[in-house]
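Input: one structure, supplied below.
Chain lettering (A, B, C and D) follows the sequence in which the chains are written, and residue indices restart at 1 in each chain.
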């Protein structure tokens, strides 16, 4: 009996060791075949693009196998007909838009030409209940009809001069093949959606990577010089940097400081030709509402006082902060959501920026004293949100720098380290009581952005509570005359600017670092959510 | 012995039940998935649809019972973050990757720590002992993510021997497994050393020598058999800490295992997946403890009569 | 100790063991010479720390590896020098020619193996045989130490046995290969009196049966009187007296022996309050000038404190020696 | 077991002899790296640990091209690494001390009672121990941070949660041995209340165990703090806990290595010294605990 137990022991430990070994060896068997020579690898922080059904994602990354209606010029970011629409027109009040599709456009894998039916079909999918796309709500009110095989018409409930934005950088509508849907159903999309882009969807490892192969004779004539492109989701910046240095990745996104280090090591930093995002610190709560909201009394927070808000702005040495966060040459942003590319841009405000917002700690302290800060305030402490958001690794530093400058001016702070979703919960629940970093990416047309971030129109939880702004915002919705709109936007920006309604930071280009031994160049406008696009233009050595 | 194991099994099940309560309440506490899964500018309408669809408007106890009822059948619902994936299915998909990584880490740990601990005990006070102890102390005082990154730079970037990150070949497993094993090696080597020292001092070791048993057999037959109980008991904790360690290391190496799922799911407020992954962790832990109990009985026959 | 016995089975000459610790080095076995014949029992008596166990372990060459070293002398078994054997050759001697019974039956059996396995292990090493013969010999060994139902007991774990039974098993292991010499290191200290007596009787019977020599290490002169033919008395690493048991009991030559004998319990076996020797033996690392026992000796004089006594004969026969100034003077 | 076993009854070593093995060097290192900075940060820091100096970003340490102004270099906001480490010591000390205290109090109380009253309560506590060991602390931390926001408190809770089970298990095991000891039986006969027996008679007998275990847990607590910072759920910025410093510098390990290296070194030296002192304490106070 004894020897039996000994045998069992020996047996058990052998089985155990064998199992471990077998598991380990099996994993070698599982190994993927060595990658083809001409695979371009792009490593970025995870974008949450874990579905082939684009409308069920938040729209952070549109599969390069799919196309939208409107394209953008890689150099200037101007709308162009490089995607499915050959041309477009709108009626006088911007409430009806007609797109003419490229007649030669066709889906890959022999799913036939791209027609109006595909657009209507895709549109219906995008406004389904499972849609989570950013900005999709406006689409729900739209009716779409095929005028002919290659012409579609969108009828909008309200005028929208910025409708092209939805079809370009915002990417609210990706065109799927109706033929594939009819043949294979939604499962066909889930397995491998056919698109009309210059790449074919090859497969994904959830949370890990997506791979595309290039199309040989693409209808646009685009001919990338590589066979495959693979996007890898890698959350650690240093790991991405290591991938770049080890030659495992052709292009990676990196935080600013690491970009410098990479450049020093001989890699090349490529910036988008246009600003890809605007950043700011936003005050939350309806702090400009003269009658305290029944939800909460924003005015118990120090930033309800305009003098305190000005002091906060004056306390910041933006040149130094922005250089530390984004490097030299980044543009300071006079008003968040205002952008020279879009209507409503005011030169006058931009010119006044230094005078009104320039670094002046003495003035800040005077203002604080005037306001009776901190003694007159119930809550003199300013809670600053420290958070990390994919694509914005600098947000944590931003909060730290702001805190440091506030401290110098005598503004009390409290750091709130929380994840992005937690902040969102508070904002959506109207219980936010902090100052949080925020980004506008892709840079929305000003009329859209200002509504979202400052008025009660698009997202009431971000409303600053100012009656004047809300009135202007409400009027703007129905106004179609471009000049009147310009004037109204100007008024809104002036109002925001003069009442120091936020802590504007910068307009930042998207940038990637490429391995200079492998990549010659790559031009992209930085107009999408991720800032990346035009992968077919990646120029290899 | 069977009764003993059954008893252990039953109490594990009870513990699992409690864990479901904890997991459920924690995931409730951690906020609404709405904010993690819908875009920043989602409308109220979008939010309402979402809430209704996922039953987030039901009373909590009802949500829990529904959850438990389904969980028993292995159904944790559908992932909110990874559309079209069943929560447990998604976790189970990732499990082999983590088990492979954990298995290799355990293997490395055992292969290095046991001989090291034994050698340190047998040659107590010698250079080997001092090296082993130094190694043990070092291993226990280095944050594992730090080690992980350093390993990437040394072996992937400078030496170019191994891939930096990701999953695929066996080579991809080596660095993360070492990074996970490092701390465990030191802990296990330390334990083995002290357990062996204790045993080597015992009279029966002297008796074995007196009988003319070779030193090799003294160490590996007489001493190890008795000392093994200690590292074995530790095995349960080892398994748990390797799983825990994998949460951080999988993130460093962008290795899509359960740890990665756990972090992504919690950040994304993907309740079903969070619940599934924690339960899966707990089950692995408890199974490995049951295995330990079993091995324990085999290695140490005394317990059978105890 | 000039009584070199040519018929000695185990002959130890001038054995010296040095131990090195952080606190310094010392000689727990200092110039020991003694011998034992077949069928003879030699008692080694002394307080704890006197170097008894160290002597035993050095005979087995099982001193702690780094700390203790044999620094000289010779150990001859049947005329074969043990100290120069290779470790491999020595392993063949251990368990086969010289065997040992350790102090504590509670801990000297390996709890993870059956007693049968532990007996068999020694047999396998020194007298290999088939599975069946090994089993028979194992059972036989158990039978010889009077373990009841040995066929069943071979499958028992030590944890399932009483202390006395375990000590018998330890004995069975020791005699299993029929060694010429058995060293018994206080084998009965932890047993109760009745069991102790039984065990000692058993040892005697086994000796009669096999003619083996026994080195019996103890601190109890009572046992020595019952069991041993000759005795050596140790104090602080030195042999202070040696001779036949009868002579030493009749006329102890060293004051320390005298004190030890007076500490023996009465013949009825009742443990009365014993005469104790005042004071403590010197710490092993202390540098001793003169007779090490002098500080505790009621007869000590100035010379005892300043000069170490030589070893001299205590009577005319020459088989009784001591190292005490009083004997020198006599 | 430093000395050779001379006989079965090894002479007891005096306290003086034992104290000769006292690890002086680790204690000195601990004082210099950890204790003194923790209590005297304001005196020995060179700069304000919170104030960025954007003109002195990423300065290398002295001997690597840097200056005495910033002996260990600066981080990416131009803050002095040395001063940040020095100021961080206090928080590291506080987190590990309070976290372990939480673990000790909870674990010891439950372990004491469980081992003493046995029965269902014992079973219950041991299940809790199982549960707590089966729930990876890191996941709990993530959920907790999401629920209540990361704060000093949440970190302390996580550390306490991660450690209490070890105390409970060890203390219970010892109480099981002690509850039948003579002195317990005597005081029971003498009519002592259970409370009195537990806390006046049994507790003092497990104190050594607790002290030793607690010392050995300091390293684990510091590591845990570092891992939490890595996941972004540690003590919030700008508090320069060492975990945050290492975690913040991790992107720069290959280039501006000093940002993560020196805080890492501080962690290493501290954990190393604490562990060595812990080992010594264990060997001296409670050799039975070798296996923890």
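Just so it is clear, a residue touches a chain if its C-beta (ideal position, glycine included) is under 8 Å from a C-beta of that chain, and two chains touch if they have at least 3 such contacts.
Small disclaimer: the values here were computed from a predicted structure and weren't measured.
In terms of Cα centroid distance from the overall Cα mean, chain B ranks first. Simply put, of B-D and B-C, more C-beta pairs touch at B-D.
Greatest Cα centroid separation from subunit A: this falls to C.
One inter-chain figure worth recording: subunit A and subunit C are separated by 86 Å, centre to centre, where each centre is the mean of the chain's CA atoms. Taking each chain's centre as the average of its CA atoms, subunit B and subunit D sit 22 Å apart.
Inter-chain centre distance (subunit B to subunit C, centres taken as mean C-alpha positions): 53 Å. Centre-to-centre, using mean CA coordinates, subunit C is 50 Å away from subunit D. Residue numbers of subunit B whose C-beta contacts span two or more other chains: 31, 124, 149, 153, 157, 251, 267, 269, 299, 301.
Of all residues in subunit D, those that touch two or more other chains are 5, 146, 250, 253-254. Multi-chain contact residues, meaning those touching two or more other chains, occur in subunit C at positions 103-104, 113.
By the touch criterion given at the top, residues 11-12, 14-15, 18-19, 22, 26-27, 29-31, 124, 137-138, 140-146, 149-150, 153, 157, 183, 191, 194-195, 197-198, 201, 230, 236-237, 240, 243-244, 247-248, 251, 262-263, 266-267, 269, 274, 277-278, 281-282, 285-286, 289 of subunit B touch subunit D in their complex. By the touch criterion given at the top, residues 60, 62, 66, 91-96, 99-100, 102-104, 107-113, 118, 121-122, 125-126, 157, 159-160, 170, 173-174 of subunit C touch subunit B in their complex. Here subunit A touches subunit D in the complex through residues 236-238, 241-242, 245, 255, 257-258, 261, 264-265, 317, 320-321, 323-324, 386, 388, 396-397, 399-401, 403-404, 407-408, 415-419, 421-422, going by the rule given at the top. Residues of subunit D that touch subunit B in their complex: 1, 5, 123, 126-128, 130-131, 133-140, 142-144, 146-148, 219, 223, 226-227, 230-231, 243, 246-247, 250, 253-254, 260, 264, 267-272, 275-276, 290-291. Per the touch definition, subunit A reaches subunit B in the complex via residues 5, 8-9, 12, 16, 19-21, 23-28, 30-32, 46, 48, 50-51, 53, 56, 58-59, 129-137, 140, 190, 205-209, 232-236, 238-239, 242-243, 245-246, 248, 419-422, 424-425, 428, 452, 458-459.
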